[in-house]
Every structure is written in structure tokens, then in C-alpha cells.
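Same chain, two partners: chain A is paired with chain B first, then with chain C.
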Partner chain A sequence: MKNKEQKILQDVNEEKCDVVITPKVSPIKRFIDAAGWPRIIIAIFLLVLFICAPFVKLSLSRSISDTLVRVGMNAIMVLALVPMVQSGCGLNFGLPLGFLAGILGALLSIEFKMTGLLGLFGAILMSLPFSLLFGYGYGLLLNRVKGDEMMIATYVGFSSVSLFCMLWLLLPFRSPVMVWGFAGKGLRTTISVDQFWQNTLSDILSFRIGSDFYFPTGMYIFFAIMCFFIWAFFHTKTGTAMTAVGSNPDFARASGVNVDASRTLSVVLSTVLGGIGIIIYQQSYGFIQIYNGPQYMGFPAVAAILLGGASVHKANIGNVIIGTFLFQGILTMAPSVINSALKTDMSEIFRIIISMGMILYALTRKTKVRS
Partner chain B sequence: MSNKNSNKRLKELGKFIVKFISTYPVPIMFVVFLVFTIPASHFSVMYLVNELFTRVARNSFLVLSLLLPIMAGMGINFAMVIGAMAGQIALILITDWSVVGLSGFFLAILISIPLSVVLGYLCGYILNRAKGREMVTSMILGFFMNGFYQFIVLYVMGSVIPIKNKLLVLSRGYGIRNAVNLQGIRQCLDDFIPLTLFKTSTSPGIRIQVGTFILIAIFCLFIVWFKKTKLGQDMRAVGQDRNISESAGIASDRTRLLSIVLSTVLAGIGQIIFLQNVGTLSTYNSHDMTGQFAAASLLVGGATVSTANISNVFVGVILFHLMFIVSPMAGKNIIGNAMVGEYFRVFVSYGIIAIALVLYSWKRQKEKERLRQALREQQTSAK
Partner chain C sequence: MYQAAFTKGLLMNNESLLQIKNISKSFFGNQVLHDVSFDVKKGEIVGLVGENGAGKSTLMNILFGMPVISQTGGYEGDIIIDGKKVNFSTPFDAIDAGIGMVHQEFSLLPGFTAIENILLNKEPLKYNFLVDIFGEKMHTLDYEKMRQLAKQAIDTLGVNIDLDMLVSEMPVGHKQFTEIARELERTNTKILVFDEPTAVLTESEADILLKAIKKLAAQGIAIIFISHRLQEVLTIADKIVVLRDGKLITETETKKTNMRQVVEWMVGHTVDEKKQTARKDKTGGKVILSVENLWVDMPGELVRDVSFEVYEGEILGFGGLAGQGKLGIPNGIMGFFPAGGKVIFDGKKLDIRKTKDTIAKGLAFVSEDRRGVGLLLEETIDWNIAFTAMQIQEKYLKKFLGGLIKWRDDKAISDLAEFYIKKFEIKCVSASQLAQELSGGNQQKICLAKAFALEPKLLFVSEPTRGIDVGAKKLVLDTIREYNREHGTTIVMISSELEELRSVCDRIAIVDEGKISGILTPDASLEDFGFLMVGSSKDNV
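Presenting the complex of A and B:
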């Protein structure tokens, strides 16, 4: 018992003096340590790509615009990872569960022929009951498997995607836009939202500079609002308790926090954000991808937040923004530059290697005493 | 008196049943499921047995390759797909050199081994840096290497590595085509000793792949022998408790690494056996589900993340592949849509892994809580 108390005290002390910097270390080394090698390498690489772009006859303003659009599309999905990392549940590889809730909401909104902003927010609203329900069940499950969350989350994601593959064939959707023409039932593999709510959010206050540069202001405003909510949440009592659970569950329990409830809440929050994130993604991308589409979509989000400097134990909104920009920047720029230079399309391979490599790096990083 | 006795016996039987269900929840669920779907598929027994022999011959070796890492306490080695990729590269090469028959088969194995050893070493090194989360790391590692595999097959082969056979290469001049015909070594091992049982003028009989089964039997004997060697004992000790075995003088990191190297090599051989039976290699998809299906088969057979033996492998392969054979037809007959059955078997393979992992982790957590409770009681009573 005494040992344990000592250990907790030690932990608390170390928390307080988290970053111990010896005066000898040069500022460059300090910066590298703080940012981490992969982030620096990728950032330099991205810079080089932007510089190279004009030489291979790519319009720079168009490249930047593409990158910004994709950052806006993906940012909320990356943000969805923050609550679970903070509450100590690790990286949410089960994010596809939230995506499925979002897809259900989107499909319902199309089934009811809702268009424009009404359609978009209708989709978000209709996704909420599903994501709350899925998230709650998923949270209860993860509370029973503490320590193995990441592995089980992956398989919860995979198995729910394949379960929904069957449901897409069987659910009684009727709208001719979504259903296979010849059979009259079963959903198409990709469903266009063109006539309903494509770019309705992006186009709010959006502007163009020249012929190539387009900035989706609305999407960024929405993302900012979401970020503000998450930021505000982590400054409430519940949010602080959640962070405490993540950094030391024993200590949190000793100070009267309900660990399980806190973790469940974080999972629900993550699932709901995942659902909203995929709907925002769809309104910009223009298509709803179902069947096996969402299966691997969680991995790029995880890679992005890790690239932003998050670890398995700690993540904040800054990580989300930096990470999404770097990751999507690389994914947009590298294939198009390589494409123009070498005349081959390597984007798929590039995406696999960068995203999986980043996750591997985070999983194998030797965690220091308390990172 | 006799009444009392029978009561007692009943109670014992009840206890036994409860224990049986709690030790083998996954296989029992599966058997119950099969009881309903096999009749619904309307397949004849002859057909099922025939298919089953093919699939057991095809898949057992791959599943067996998962045993060693489990013994070393590293959980299911999802990174075995790396071995499968090495096997496929070897197969592409021997097809290009047009080495046919058994000599082609064994040449492919010979080429795959050094590749697997190097990749397995790398893999083991990485997994040693991720202690406590080997499984998720091995899975991500498999996906990561898939990127490299695609790079090599799609860009390096035909440009850096010379490929002479024009039929293998994409029309743009480099990169391997989507499907590679393995006509040269197709079923060469299966038919090495041809044997067909119950052959009559009306039915084709049951074909038995004697050659493959001999190889599988040799491998099973190898595992039984291996468990008794010094290295095998070390592996089990490391699997039980890393710290204790480390202090007993076993180099735990090295032992873990070796188990992964062996697993990768065996998976490579397993994939070559698998593909010589199938007869065509689909260059970019053949290995996609290898790890998932092998893991699911093993877990269906009653193995857990920490214990697995040879009987689990065979029970698992038989049950899992029965489901695989019947579900499209059962889906068609019950729901009226064969696609549902197709998706269903993917769902079952993912779902089974999820359920097995959850049950295992849940049990372990309960155990931990019980230990803690016991400790607390001990302390209060001591006071």
C-alpha cells in the first residue's frame, strides 16, 4: 500500500515538472526533441514539394487550395480522436463505427429529400441518435477490456463495417438516387450528394482568388466551432476529470472521479464527432461511400493526429490542426508532383506507407518516464 | 441412495457443462451456427467433404505458422502476411524463370526463406520495441509492408528486377499483371501421390491431397519436437513471464525475435502451398485476408491469445471453412441474396476475432480484480 502511495506521489511530482530542460542543450536540439524527427522531416519535405510544384508545371495556388480543401474535409475526423486519447483509451481505431452512424444520417437525409443546409444539418441531427447509441455500447465494451483497447477497437471497427455491408443490402431505402436501378433494392456503392447538399457548407462566405484558388470558409468556420466546443469541454469539470483519468486512473479514482463513466463519455464524444466528421467530408467530396469504403478511413485520421505531435497518451487541438495540414498536404502534393515528374500514379502506395509508417512510429516509440 | 448418487452425478455434469462453455465459448457459438446453416445450404455431404479436404490442405499450414508467436507470449502475429508476401514474390520469380513441377515448388520455398528471414528479423525487432501491444503493432506492420510490397511488384519488378516473360508484365513495360497464372506448379504437391476415395461411375469421389498432408504432418511433428528443445522451452518460459525468464538467464528479446522469424518463414511456405492449390496468384489481393482468416480459424478452434495447440488449428480450420463453404448458398436460400452470404463470411471472420479478443481480455481483467480483492482481504485480516 505504502509503495503505491509513494508511486502516486512520484507520478504527481513528475507531472508538475514535466519538461526538465538542462541548460546545456542548444535551442535547435530542444526544438527537434519537442517536435520529433518525423514531423520535421515531413514538414521539410512538404516545403520542398511546394517549392518544386511550379517547376513541374503545377499551379501553386491550385495546390495550396486543394490542400486547404482537404484539410477542411478531414479535420473533424481527426478531431474526433482527441477525447479518447485524453481519457487514456488510446488511439480510436474504431472510428469507422462513428462513420457508419454519420453515413446512416446522411442516407436518411437523402431518403427524405432534404436539400441545402437543411439537408446537411438534418443529416448531422439524424446521425446523432445512432452515434450516441453506438458510442455508448462501444464505450461499455471498452471499459471491460482496459489495456487492450486499440486492438479490440480495430476489430470493432472492421466487424461493424462488414455487418453494415449486409445491412446496406437489406435496409428498406427507396430513393432511386441511392438504390441499384435494375434490382430496385440494395444501395449503390457510391451515392452522389450532388443534388442535395454538396458544398453547401463549404460555399458559405467562400471566396476565390484568381481562377485557381478557392477557400471553403464555411467548412473552416464549422471546424473552428467544433474545436471551440472541444476546447471548452476540456476546461469544464467533466473534461478536466477526463484528462485526469487518462494521465493516472488510480489517482483519478482516489480523488473521486468515476473512471468508467468518464471513459464511456469520451468514447461517445469520439463516435459522435466521427459521425459529424464523415458528413462534412461527404459534403465536400460529393459522394457517400458505403460497403467497404469506411473500413480503412480511420487509419489516415490516426496518422494525421500522430504526425501533429500527439502520442498514444496525449493529444490536443494544436496537434489536430498541424497534423491534418501536414498529412493532407503531403497526400495532395506528393502524388501530383511525382505524377507530373515521373508520369505514374503512386498516390495509393504513398498513402499506405506514410499513414501506416506514422502509426508504427507512434506505437514503437519508447515512452519516456512520463510523456 | 441411488437417487442421491444420480443427483450428484447430475451436478457434476452441470458443472462440467458450465466449465466447458466458459472455456470454449467461441467454438460452441460456431457449432450452433453451423447446425442451422449446413442444412439450409442444401449441399450434399460428398461435396462438403470434398471441399473440406481441399481447404484443410490449403490453409492448415498458414494457421500453424501462428502457433510459435503465441507460445512466446506475443499474441496473434498478424504480421505473418509479410511472410505471405515473400512467398508471392518467390512465386512470381519462379513463374518468370518457368521452373515447373515439384522442383519449381521447392525452388519457390528456397527463394522465399531468405526473404522471410530478413523481413521477419525486421518485424521481430520492431515488435520488441512495442511490448504489451504486439498484436496491434503487428497488424499495422502488415499494412505498412503491404505498401512496400505493392511498390516492389508494381514498379521495381520489370524495371530493376528483370522479368523476361511478357505475359507477366503490364502493357506499360514494368509492373506485374493483376493475375499470375501458376499453371507450372498448379497442384503439383497435391497430386504428387494421387488418391481418390469412393470413386464410382456416378460420383467423382473424394480427392485427397496426400502430398500436402504429408508436409503438414511433418510440420506438426516439427512443432511437437520443437516444444521440447531448449529454444522451445525458452519460448514458453518467455510467454509465461518475461521478467522471471529474463532473470533466469533467458535472452527474452532474442527468443521473441526468433519466434517471429520462424513464423514469417513458415507463413511464406504456407502461402506457397496455398497458391499451388489455388492455381492463380492475384498479385495485389491474394495476401489481403491471409492474416485475418488464419487468425479467425485459430480462434474458432478454441485457441486464445495466450494458448494454442495443434488440435485448435485443425478443429478451427474445419469449422471456419465449413462456414466459408456454406454461407453464400445458405444466405441465398434463407434471405434470397447470395451477396449477403459473401459479406456474412467476412463479417464472421472479423467478428470472431473481436469476440475472442474481448472475451480473453475481459477474463483477464476479472482475474486481476479478483487477485486485488484477495490481496485486500488478506491485508485487512492481517491487521
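Presenting the complex of A and C:
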């Protein structure tokens, strides 16, 4: 009975929609439509925060520097979401799986006492076998749950983090900087990379202006290279097919594209980038956080890309850059400005409200995409 | 006066149970029913026949109070049951008024047994003390009574069904009977509508069903029987009502008519006879595609056993009523649905499960599901046109590092799109406009351009004019014909509109119940086409 109704409505709609839509709007309206109200409001809010900073005795140049460092730290993790969004697998809430691969690489690099750029790239290289393997298995899993990817992904992230909580205790790491001092085995909750490769990438070509402003040039160059790779990938035949799979899997299948393989590839790419992203984060932050550390680290990335204007199945590099800047900007500025103004510490609460609020907002808009 | 009204009511009761009076209905200015009136008497079986789109379903939707009717502005005219004018706003009202409907698609709960389905939501209840505490919802079901009632309903039909079997495990025939039994179980059922009830049944099951329907009529239930199998309608119905293009063509007693006449009424005579001028007869030439014993499991368009040959350079049409399997043929050959059979294309055997190979070998397909399969709605026009050729034939790609990197050539893609936009007069702002912003006709042109970009040897075009306006229709059909003439591309066109096929094709095959019931030339008489469509050849009339 329901089918019949739908069929009739569909026929009716097809008859009705026989009109060419010619957009005629003012430039301002077009800008608002293109940017979207949420971004405009957040951007204005961020601007207000920067303006307020000096009045609550915060150094403006330090605030901007902090924001830029945080953007650089997080950008690749946000970029890691793009392939899966484009292939129609939705937002990769299972990003922690990639983080775990990255952490494994970082720990191995420390275990082998690799320092400097060698240590950093060694960590990235050693994370690859893990991220490829995890990504492949994760991709196969997601192909079995088409339509529910995001929920399954969330639990893949949670459960793998918990599984690794056990492994961190059991894996035979021996380096004294990493294991608990008393027992001589089992990894600590936070491990400093200070003596190994902290800021080795950030410091390349970095510069300071005054005492407060620091720009991590190397980290941005590396991010630009990663962006170029993703941009280039989506200009190849395979990348084009991936976009089509995300846009309309039936169309892609009818054009001879192997939909499942394309989706799996996107998951692998996302996981690999997640692994690289966390290592870059660690080199700037100075610590490797394990156990429950990675559990919630996927959410800020998701919130950032959504804030950047991505939808659940369309995302581009512009979304990544704008989103990371706005999101990390708010995250850096809002707590410090408000804390200074109110003289209380509410930073963590603000972070959670902002990041979860953004995700909630974006997910409610999910159904609006196909007109 | 009271007395008079009462007598009048009684009289009407004897005369006609259901009166449909001057019903008109339009969807957004598109008139689908035009001043239709007929009566159904108590215990009478009325056969309602007409081609697809004649207005049968809409009429039944009105009668059944489907929300789609009121959502689209209601209808004109009156429906009178038992002398009282009614206007149902939901199917529940219709059920309360004693109208039952048996659908082509089952609406049964698969995980429930026959008994539970038949008595769903009207189960006899048993009292227990919890009812006093927690209220009505605490009643338990009286299974003994339920079994008895269900058995009664099934016995009325004169069939034998295991009452405890889960619906999901039943053969289709039994599901159909369960559904009918459910409608019967309502004590007040006065009118039963059967919408293509025999479509899924085997012949013997259909016979049982027809007998059961007669039995019901004998008990005084009025029956409206819709079927495309004319033979059945003629055997069972007391009266035949023919609809064509939303108009009532005739209302006549079955005794006074025959199949030939009914077919004539259905297809009509006032057909525009603008025949194509140069029909090519390619039969006997080179066979480019030969299909043997093809079966396709496409839901709603099942292909059972189809064999045919396509000659190089011709336009072969596939016609037939909806749901008979004509759409399944190209979808199966292109590998979109589970299918089997022997397909030989251009001298080589084709593995029809591999879409990629099939396209690579020179077949292309313009899907009937334009928005679902045919287009990337959220991508640009140029992507839509070039995508398939890019993926399969590696056109519009620049290769670097000895072919390791296959870079999309955006310039070539947009040139290609510009070419087709000019050629087909696609109305759009630019080649980088999104496909979803175009009208149906222009979207269809993009689908055609996509197929042409592949430069196929054989092109399947499925329902090319569905849902597009008259002007665009002509353009699309002209394009197909022109392409065939200029490039010598063999075309297989599937369409529900017979006139369209007759104006374009060199040969027309009619598909009925998943099989080809015959192949005719376009100048064959409408009658002949009609006979093939309703499942019987001329000889056995």
C-alpha cells in the first residue's frame, strides 16, 4: 500500500519538477548561502573573542599563535575524514582506530630510540602497516553495514580503544621512558616525546615575532603536502570513482565501478591519515596519550569538518581548513577569554558543549541533502 | 417522510451497493479521471479493466480513502455506499464502511502465523484480573476462538492452509489467500476490491481463487476485480467496466461482449497514425545480440524465460504492461540484478554478472530509474556525461608516469559536455551546473549523452520518455532515431507506451508474465498488440 502511494507521489513530483531553476540572488545572499549561517556566526564570535582578548589582559599575539599551533596540530586528523565522507561512508567516528595505529608507530620509534626527523618519519612509516591492516578490516566491516556506517564506526572506535587498553599493559615495550617505573613493564598513560622528536617538524623554518608569537612553519608545510595528496587523489580516475560512489552508489555500479572496493579504499586512506595525524599532533603536543586518551579525539575532528561546511556526504579541503581554524580558534579562545573574564575554570565544559553541539547540529541536517 | 426515506434506502440497497458518480480527479493539472460513473450491486462481480495509466489505481485509491488523494486536492464527484454519500479521509474509514482491499503486494506480517495475521487487531480477548488493575490493554488473546474464526474465514474461500504456518514460510499463493481471509474476517465487509490478485499465483491457484471469489459473491459481497488477464475477467465478472485515459469507455454485461471487443475498447481506435516513414527490415542480417533463456530476478519486473535476437542496425522495441518483466530484460543483461541465461554479443559470450565487462564490450544502458541509477544528482552535468566513459574506456584522462597516475582531464570533460549541451539543446546555465537542478527532460538528455559518450555498439534505452513533457518527449525520441540512423548503432528500446514504440521501432516484442508473447512489426494492428499484452494470442480467442 505504501509503495503504491510513493509511486504515485513520485510520478506526480516528476511531472511537477519540469522547471529549470535559474538562481537570481544578490551577491550578499549568495555569500551567506555559500558560507552558511553557522559559519558566519561562529566566525563573528571568534572575531569578537580576539577583539576582547586584550581587555581581559590576554596577549593577542600569543592567542593567535596558540590558535595557529592548534590548527596545525589537528588539521591532518580533520583531513583524514575527507575520503570516507566522499565515498559515502559518512563521518569517520572510528578515527581512533587510525590513532591507535599512529600511536603504535610512535611507540615503536621511541622503543628503537629514533630521534629527530628520523624518529618522526620512522614513526609514520612504522604506523603504516598497522593503519593499512586496521583500515582494511574496518572497511570490510563497514561494507556489511551500509546505511549505518556512522553508528558502527563510533563503536569500532570505542571498542578498539578498550582492546588496546589491555594491549598497552601487555605489549613487550621495554624503553624506560615508556614503562612504569616500579614494575618495569606496562606502558604509562602519558609518554613524553621530549627527548626524541618534540617539535622537530614544527621547528623547520619556524619563526618568532616578539616574545609571544611563534609560527610552526614545518607543520604547515607538511599539512599542505598532505592536502595536495588528497586533492590530487580526487582528481584521478580512482578518486573520481570514489566521489561518484559517495554521490550515488547505484550510478557508480551501473558504470562498472566496484563500489565495495572503492569504499574500502576510502576507509584505508582515512585510517592511514588518522595515524599520520596523531603523530603530528604528538610531536607538537609533546606527549603520547594512550589508554583512554584516543577515545574522544575523533569527535573534535568531526565537529571541525562539519563546522567547515562539510555535509555527511560531501567534504573538501576548504571545509577542512576553514573548519579546523574556526573550531580550534573557538576552542582556544573561548575558554581563556571567558575564564579570564569570569575568573573560573570552565574550559573543558565549553569545549565539550561546542564540539558536541556542532556534531548534533550537522547530523540533524543529514536528511536535507537530497532534494 | 421518514417512511419514504427508509423505503428509498431499502430500495437502493437492493439496487446498488456502491455507486460511483461523476468522479473526476487531477494531479497538478493532469487529468487522470474524467467523469467516471458506474454502479456495483450486491453480490455482483465487476471486472475493471484498462491499460496502465488508465486510472484504475487512482479510482481505487479514491474509493479506499488513500491519503494521497486528499493531499493532492481531493476529487470531484460522489461515492455512495448503501445510499449514503461518503468521503473517506483515511483507509480506516473505508474499512469501517465495509470496504476491503486485497493488494497485489502483500501487506502481511511475515513473522506472524496465518491466524495472527487474519485476526490482527481484532483478536477475541480473554479476561484476567490484571485488566481491572491496569486496564483494557491487559486482556490476553483467546487463541481457541481465534483459530475458530480464522478457520471459518479460510473455509469460506474453500482452500486448505496451515493456520499455524508463519507467513514468511508460505508459498505466495497461500499468502494471497491469507490476505483475502483477513479481509473476509471483518464481519461487515460488503465490498471487496481485488487488485491484480492472480498476478503472483500459478494457474491452479488462480483457479481456486476465482472459485473462491464466486463463492463470496454468492454470499452477497460485491466485488471489484482488477486484472490484466482478460481471460480471467471474462470468466468471472458479471459486468465489465473499461477505462481508457481516465474516461469510462463502456460498462457492459460480460455476456454481451467478447475478448476482441474488450481489447478494442482498452486500446482505443482514435490513434494518431503518423507512422515512421522508413522502416528498416534488418531481420535475417547479422545477429549482434542473441539471448537465450534469460531469467532476471528484478523485484516487480520478474523475467522468467526470454529468448530473442537483435539484428545489427535495427531498433527493437519491448512493450507490455507494467510489472510483466520488460524492464527486467535490460537490467538483467547489464548485470544490475541477479540473472542467468546465455547471452552472446557480437559473437562472444557475455558474462552478464559483470557490468564493467559488458559496458567495455560495447553495450550501454539508459536506465528507466533516471534519478536513482541514471544520474549523479549532486554532481555537475559534465561529470554525469563523462563518468562512465572515463571509468570504463579511460577516456578524458591524462596519464602520467607511464599510466600509473590517471589524471582527470577536466577540460576534455567540459568540452564533451558543451558538445552535447549544444547538440541536444540541454537547457542549463553551464556544464558545471548540478544535474538535480535540471528538468526531467533535460536530465534524460544527459542520460542519453552519457550513453552516447561511450559510443556503444548496442544501446538499451529504458522508458526514455517517462515523466517528461510532450515537447521533450519528441526531442528524446528523435535523438534516439537519429543516432541509430547516423551511427548505425543498434538500439533496444523498452517502453510502456505502445505508440512511442510504434513510431520509433523496426520490430516490437511484447512481454507478458516474464516471457515474450510475440514479436510484431509496428504496422500490425493495435488489436494484435492488445492480445499479446493481455496474455493470449489471437488464435485461442
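Note that the second predicted complex is superposed on the first by the 339 of 371 C-alpha atoms of A that agree within 3 Å, B and C clash if a C-alpha of one lies under 4 Å from a C-alpha of the other, contacts with A are read in each partner's own complex, and residues count from 1 in each chain.
As a convention for this text, contacts are C-beta pairs under 8 Å (C-beta built on N, C-alpha and C of every residue); 3 or more make two chains touch, one makes a residue touch a chain.
All values reported here derive from a predicted model rather than from experimental measurement.
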item: Chain B versus chain C as contact partner of A:28, first or second or both or neither; value: neither
item: Partner chain in contact with A:170 - chain B first, chain C second, else both or neither; value: first
item: First (chain B), second (chain C), both or neither touched by A:156; value: first
item: Which of chain B and chain C A:349 touches, first, second, both or neither; value: first
item: Contacts of A:145 with chain B and chain C, given as first, second, both or neither; value: first
item: Which of chain B and chain C A:357 touches, first, second, both or neither; value: first
item: Chain B and chain C contact sites that coincide on chain A, given as residue numbers; value: 1
item: Residue numbers on chain C that touch chain A, as the complex places them; value: 27-28, 30, 57-58, 61, 66-68, 72, 91, 103, 105, 107, 334, 336, 355-360, 365, 367, 369, 372-379, 383, 387-388, 390-392, 394, 397, 405-408, 410, 427-429, 436-442, 466-469, 472
item: Interfacial residue positions of chain A with respect to chain C in the complex; value: 1, 3-5, 8-9, 11-12, 14-23, 235-241, 243-244, 247-248, 250-251, 253-258, 314, 369-371
item: Chain A-touching residues of chain B, taken from the complex the two chains share; value: 126, 129-130, 132-133, 135-137, 139-141, 143-144, 146-148, 150-151, 154-155, 335, 337, 339-340, 343-344, 346-347, 350-351, 353-354, 357-358, 361-362, 365, 379
item: Contact set on chain A toward chain B in their complex; value: 1, 93, 141, 144-148, 150-152, 154-156, 158-159, 162-163, 165-166, 169-170, 186, 299, 344, 346, 348-349, 352-353, 356-357, 359-360, 363-364, 366
